[in-house]
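Heads up: the structure comes next, in structure tokens.
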Amino acid sequence: MSTLNWIYLGIVSAGIILAVLRMIIGPDITNRVIGLDVLTTITIALFVFFALIFQRYIYIDVSLVYGLLAFIGVLVIARFIERGF
Amino acid sequence: MIRKITYTIFLSIIVATLILFFVAFPFGKNKMGVGKYYLNNDIKQTGAANVVTAVTLDYRGLDTLGEVTVLFAAAAGVSILFYLIDQDKKKRERQVYPNFIVRVGSRIIFPFILLFGSYIFIHGHLTPGGGFQGGSIIASGFLLLYLAYPGERVNRKKLAVTEGLAGLTFVVFGAIGIFTGAHSFLFNFFPKGTLNMLFSAGILPILYIAIGFKVGSEFAGIIDDMMCQTVCGGEK
Amino acid sequence: MNMSLMVLLLTPFTGGILSYLGGKIHRSVRYTFAILFSSLTLVELFFYYNKPVNHFVLGKMFGSVMILQINPISWLFAFIVTTISLLAIIFSVNDMEGRGGLDFYYFELMVVEGAMLGITLAGDLLTFFLFWEIMSWTSYLLIIQGGNKSIKAGYKYIIMSIIGANSMLIAIAMIYGKIHTLVFRNVAMLLAASPHGFDIAIFVLFAIGFFVEAAVMPLHTWVSDAYSEAPSSVSSVLSGVLEKIGAYGLFVLLYALFGVSLLGKLMPLRFPSPTIMYTIGWFAGISIVVSTFLAILQEDAKKLLAYSSISQIGYVVLGISIGTSLGVAGGLFHALNHAIFKSLLFFTIGAVIYRTGTRNLSELGGLIKKMPVTFTGTLFGIIALAGVPPLNGFVSKWMIYEALLQKKEVFLLILALIGSTGSFLYVYRLIHSTFLGQLPEKFKDVKEVPFLMQIPIWLLSLGTIVFGIWPGLAMNVIARGEKFFGITPIKYNLYGFPGGNGMGSLKMINISSVFIAGLIVAYIIFALGAKTHRISQYDNYAAGQVVTKDTKYNYSYGFYMFFGRVVNPVFKWSADKIYLAWARSANVFGDYMRRIYTGNLETYSSYIVVIISLVGFLILLGGKIW
Amino acid sequence: MEKASKFNRYVFTVIVLYVSWILITATTRTDELIVGIIVSLLVAIGTYDYLSIQGLRHLSLKRLWFLVIYIPYYLWQVILANFDMAYRVLAPSMPIKPGFVIVHTDLKTDSGKLALANSITLTPGTLTMDVKDDKLLVHWIYVKDRTIEGATHEICGRFEGFLKVIFG
Amino acid sequence: MRIFFGYFLLYFGAAFLFLGAFGLIRLPDLYTRMQASTKSTTLGAFSSVLGVGILMPHWFVKCLVVAFFILLTAPVSSSALMRAGYKTGVPFDKKRTVVNKGKEFFSEKKEKEEGK
Amino acid sequence: MIFYVGAFILIAVGLYAIIIKKNLVKIIIGLDLISSGTNLLIVSIGYVKGGTAPIFSHPGILPQMMVDPVPQALTLTAIVIGASELALAAAFVAILYKHYGTLDIRKVRGLKW
Amino acid sequence: MVNLTNPILLIAVPLFFVFLAAVIAPFSKRATKYLPPVAFLINLIITLYLIPQVAEKGVIVATTAGIKPPFAINIAVDGLGLSLAIIASLLGLIASLYNLKYITEEPQDKFNMLFLLLGTGITWMVITGDMFNLFVAFEVTSISAFGLVGFLRDKDSIEAGFKYLVMGSIGASLLLIGVVMLYAATGTLNMADIAEKIARFSFRQKLLPYSFIFTGLGIEGALFPLNAWLPDAHPAAPSSVSSILSGIMTTAAIYAIIRATVTVFNYSAITPFILLIALLTLVFGETSAFFQKDIKRMLAYSTIGQTGFFFFAFSLGSVQGMQGAFMQILNHSLSKAMLFLIAGAMITQVHSRNIDDFSGIGKKMKISSVFFAIGAFSLMGLPPFFGFWSKLTIIFATLAYTNFYTITLVVILLFMSVIEGAYFFRVMQSMFFGKLKEGTEIKEASPGLVVPFVILGIVILTLAIYPTPIIAVSKKIAVQLIHRAVYINAVLGGL
């Protein structure tokens, strides 16, 4: 059981690393932001997964809140990219 | 360049010092002092399933009052700073054509965001949420609306009244405690109810709802000010 | 009755407040209150004449009692303070007429009087210092009444005063740190028992404060500007009283604090002869000579008097520092005398300025006919100042010379004599340029000053005579004062000193008689000569040119030019310039210092980082943090 | 499509919100249900104007039925799309031929167009960038047809039928 | 069985989460990267969350809410981002891109906007 | 421990940004980094190995299993305060930009000494 | 029994009025300006009510949430805290009365709310008994101050406000880090509880958290070299705000440092170091003030100098030093607040902040100028004003042991007081005796501005006439402060 969880975590972490890599290398802000976008989606899934392994139902709410705020955040950033600051 | 190196060295010294300090209190090691008391007495004293909420609103309720006050002050400060621009109605008329998908999507998501925000602060004493999170979510809903409908503004008067009333609720409910037997501010004088039920934890849900409204309206106000700087044509 | 000492102290303050408020009603109310209350102060003071020492405990501060007391010496100085203040107030009524802010001026004048009275009545250092500070800033406010230039002068004065007061404060705090009380008696006990370095430090610190106020060189630089720029009545208060307060402070320091009752016998034992007392004496001597020279060179009548004050106060300090009974008595007596004749001179010159509007000696002249009373007053003043018998200045100077002779201080004596000779030069200049010689056309219609302004002139002239002919009047107080401080007073009688004990005798009544007889003879000769034909000043013939009325043949400008050519290079290197240079370099330094406030956010935040990392570095040096 | 009456839309909003409340709280405890109706009623006051134009018409049985069928179909398309994507990403040759094309839609309502756009985004090889009137700008990772008609057929054909019913 | 299916969904999701991120690195330009990331990560998160819901039946409803939330929001943010990138002129892979009707699309719009 | 170090580095980078960076936006990002780092530090302080969130959401959970609730409450407060500061800072930067037409702090030097 | 004088009302009442202002602002912006005076007046009355209680018990402790400390945040008011609360309420009252006439710019409603919050935050800082709560109160204060500094929205205000904000935020974060360190070390946030638990730590162990807290508070407390923002920020605000900022806000931060040093850390070993900082603060503040042409900037630098002065007295660590520090705090608060209010009133007439333009206005604005002189004299420590006694106390405390070191200190102190005299006398001279600029029409400011500072002036004059009781009280306060066990027992006594 726990091995399975670790493997899952490993795969997802690899994804996180790649996303962060894109955030770092850019080359422009839009590219960085899609890295961020991917990161947030992965994080939502991860939160739910943590709810599973820690057996805490309430973490799902956390993921929902996080997802919502991240979503709006990306929209705001997109707007700022498009129209300038 | 020398500056950069110098300050890197300085900052490294600070980091090193901090690390050396916290070596004495390693990560994961239990450092609880009063925290233990809260965990042990929370159910009896506050009836809130979420101990963080009990700490936030009850044991350290005065912090929370301060915190909403800080937010209030920041909102007032922001609206002071943007005051002149606010008056500049001509510029505000310039609209941006928003992305269709964003516009329609935001419109549809908005009611759910409000609902969800309310859910979060209503369940603040049961789940990790609370007034701040709920309030911020509601405010983010307003932000979304700005993205969808630049140029439209929320009703600032209603927001102001909301934040004022919410603040008054907090202060008045807190002050009632002074006049009860406990002579204590923020004394939880309501029945504690059953653990994990919606109607439990005495005045804490009420406070959290007040905070939710307050934080929501304050953030919405800040967003309104900022967006009218940028969206409504504050640019040069 | 103990309470009355407080009443005495409060009288001038009350008068100040009342005259301030009264002035809002009518100016006559203001004058009435001012004159009434300062007279009242004088009257009250006379209740303490020859009265035993009085203690009145004001209260406790920092665990030390604050005391009011009066002894003969304080009485003497209080007498100087109240008299001169009263006269200045009377003189001001006309002199200051027409200026703005008179209510405030009178308030100030009386507050200064009260503060100085407070200083003389103080029985402990705290009270002393309290009133000292009040006196400093209120007299500053008086000085700057004189208009634009006086502001600069006042600024110099207040800065030096603050420095002086602060230096005293250090001494007071050092004393307090040792014994937690500041009553003179206890302080004297402490100083008697304390190690050598400590008392010298205390002494020097106090002396700086007193030197500033007494205008002893090299801390005199505020005087010439302040006196000349301030209103005349203020100048007379400053010169007549303020400097004496400095001298009083010095006296208190030497004889009350240091408790040197042994001073009367020989040279002070606490300080081996060539040290402190001797040094002060030399300061005073140099002060006498240098400021005499400076006075000679002045074109400005009030500046001339100002420098003269520095020189005369040098005699006072010199006398006090000699340390013998005769010297101390001479110094104290000279303080009284100087107050009288210098105030007199400031009043008369003030009267001249009042009528002519200028104090530039080269513009004045020939006023003798126009202002006879003023002229007479000036004549008395300069005779007294020059130390010519039979007026008061002669007596005290004689005492000081005698004391110096006794101590065989030949060099100091020479300095004192040079000062005396020099003073002939400048007083002659003063009276000649003002009253004798050619009357400028523009002053044709000048009249004598109003009666109210003549009163102080009359009274002070009388004073120069009275204390000249009957020195015993003053010696009565001084001798009791000396006794009070443990000095055996010299023998004296109403008309002078019987002499003996290695001291020459002085009988002022004889000298005066001779003088008066001489004067009568001279008058008769003069009266006979007056029968000759008096010609107009313009009725003459100069090198084939007809002199018209607008020709100025009385060249009083550059009167002592020849002398100036000799002396000037020496005085180029003046103390004032050194202070200015210090101030300038401090200015530059401070200007650099404040540049740490660069206005750059990154610099500001870097300060934070640097500070914390320095702390961190120190901690890291120590190894383990926890 | 004319607007439904205010009350109509309000009731629709309340219903939708209440259902969502029950889903979010995931419980049928009485206290939650009571609070839920209150919250829905309150939130709907401020939001009914945003949520829908057609109001209760959305809740016709036919529309709901099509919705129920559409969802699994859509999910299946999503899965297909992802395998397609996986192939393109992982294949060493990287078989892509991207381009920006315009497609045309017959849908009239905003919500319908949004649903179409979202569906296009999550399905094979396409991503909607913007919608303007009856045209959609789509980024296509493997352009098969550059014309509007051809692209429309390729991209929208799968969904429009369903969406026309569901969103009117 | 339920556990197997749950873990299957979890791993299925994880695989696509990774794939999305991998596409993000491998693909040549912003637009193709977004194709990959949007689709793959959305499905990945969706199935991952559903997997948890199946493993914990009590939580299923809540997980469903999260899953549909992802499904609803992901395309919106992607299209906003892509439009932003396009409008600010983020370069696309010129070699591979075969057609670009964006200019046409947006210029039309601009006329319309000004006409208003 | 890594969390601690991360927190300290965030703080240090924030300070570095404020000192070195010339762009006003970067400076306020620096501010945010400092407060984020501080928040991370606070949360890390409260973590107890093997502990769970301090919520009595179902009967099996006992106080002994929980992490310290205090730092979490503190963080909540600190986050909101940090956000307030950030909002105000952003507003200041916007107005500065309006006055000076630039985001370069080297141009914003009207006041000194 | 209902206890109407619960000290927590000092926070609750003004907050009530702040939120009330928010409610009524949409209907009438002007009406909000009457709320701050009312709130400050109520606070003043409450503080006066508390005086006998504090005098009797030493420390009054008020719990929150009905839980005894250290388990819930508590308010602990001792003599020092109460005095500062009184000053804060008094200055708040006077400055808000001044605002009635003074503030004409919009948005007034926000201004009034922030102004009230500023006063509240300061009061909060001085009565809280909890370290983290101190941080929160600190933030309430500084965030309100940031907004108020930028209130005029001109170039200078915005620049100054931004600098202030960045510095203040860094300071707050440092304070917070320090508090967190304390929590990590002791597991509690209550000041008294920390004080008890920290006793087992060595000098070195306490050093790092202390230096963070000290630096964080020192930024707001205007200590060298962290005070560089101050001369920009204090003058940039409207004068009534400057008077609060300079009059009591920096003092509140210094209070917090004092509380931390004495009560919480019991850190007398640190005093030589902070003495140095205090001295540098004094020197740099006074020196820089000397060079200012802008009157408000000069007053702001003088605040730095004065802060250095009383912080210096505090760092002496002796009872008499603390007594002197307290006396000078009182003196400085009243005088500086009044000076700023007067400067504001003068600026409304002169329309300039340049000292040269103030030349000769003493003849036209008699009341203002005379009270300016009173404030300046008191600040400089000229008798018979109260500043004289505090200066004397501080000098006496410094020279309690005469040696080279203390004499050097005193010489520096006094040299700085000469500089202070130099610049104040320069200003006053120009005011009273300078030439009035031609063509300027200057008259006395309106009574709405004059009356408030005259009230303050009357307080100063009363202190001048009758200083003895305050001196006695300040000694009591100093003694109480040094005997930290009193505080700790009062807070934890119920255990």
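In this document, chain identifiers A, B, C, D, E, F and G correspond to the written order of the chains, with residue numbering beginning at 1 in each.
Here is the rule we go by: a contact is a pair of C-beta atoms (placed from the backbone, for glycine too) under 8 Å apart; a residue touches a chain by one contact, two chains touch by 3 or more.
Quantities reported herein were computed from a predicted structural model and do not represent experimental measurements.
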Common touching chains of chain G and chain A: B, F
Starting at chain D, fewest touch steps before arriving at chain E: 1
Mutual neighbours - chains that touch chain C and chain F alike: B, G
Identity of the chain that, by mean CA position, is farthest from chain G: D
Pair joined by the larger number of C-beta contacts - B-F, B-C: B-F
Far-end chain from chain C, centres as C-alpha averages: D
Chain centre separation (chain A, chain E; CA means) in Å: 12
Distance from the mean Cα position of chain G to that of chain C, given in whole angstrom: 43
For chain A paired with chain B, centre-to-centre distance based on mean C-alpha positions, whole Å: 23
Mean-CA-position distance for chain F and chain A (Å): 20
Chain D: positions in contact with at least two other chains: 20, 24, 117-118, 128, 130, 132
Interface hub residues of chain A, defined as touching at least two other chains: 57-59, 61, 64, 68, 75, 78-79, 85
Junction residues of chain C - those touching two or more other chains: 594, 597-599, 601, 605-606, 608-609, 612, 615-616, 619, 624-626
Chains grouped in pairs wherever the two touch, ordered by label: A-B, A-E, A-F, B-C, B-D, B-E, B-F, B-G, C-F, C-G, D-E, F-G
For the chain B and chain G complex, residues of the former touching the latter: 17-18, 21-22, 24-25, 31-35, 37-38, 41, 45, 58-63, 65-67, 69-70, 72-74, 76-81, 83-84, 156-158, 160-161, 163-168, 170-172, 174-175, 177-179, 182-188
Of all residues in chain B, those that touch chain D in their complex: 99-101, 104-105, 107-108, 110-112, 114-116, 118-119, 122-123, 145, 197-199
Of all residues in chain C, those that touch chain G in their complex: 59, 61-62, 100, 126, 130-131, 133-134, 136-137, 140, 144, 147-148, 150-151, 154-155, 158-159, 162-163, 166-167, 169-170, 173-174, 176-178, 198, 201, 590-591, 593-594, 596-599, 601, 603-605, 607-608, 611-612, 615-616, 619, 622, 624-626
Residues of chain D touching chain B in the complex: 13, 16-17, 20-21, 24-25, 29, 31-32, 35, 39-40, 42-44, 46-48, 50-51, 110-111, 113-114, 117-118, 128, 130-132
Interface residues, chain E side, partner chain D - complex: 16, 19, 22-23, 26-29, 31-32, 34-36, 38-40, 42-43, 46, 59, 61-62, 64-65, 71-72, 74-76, 78-79, 82-83, 86, 92-93, 96-102, 104-106, 108-109, 112
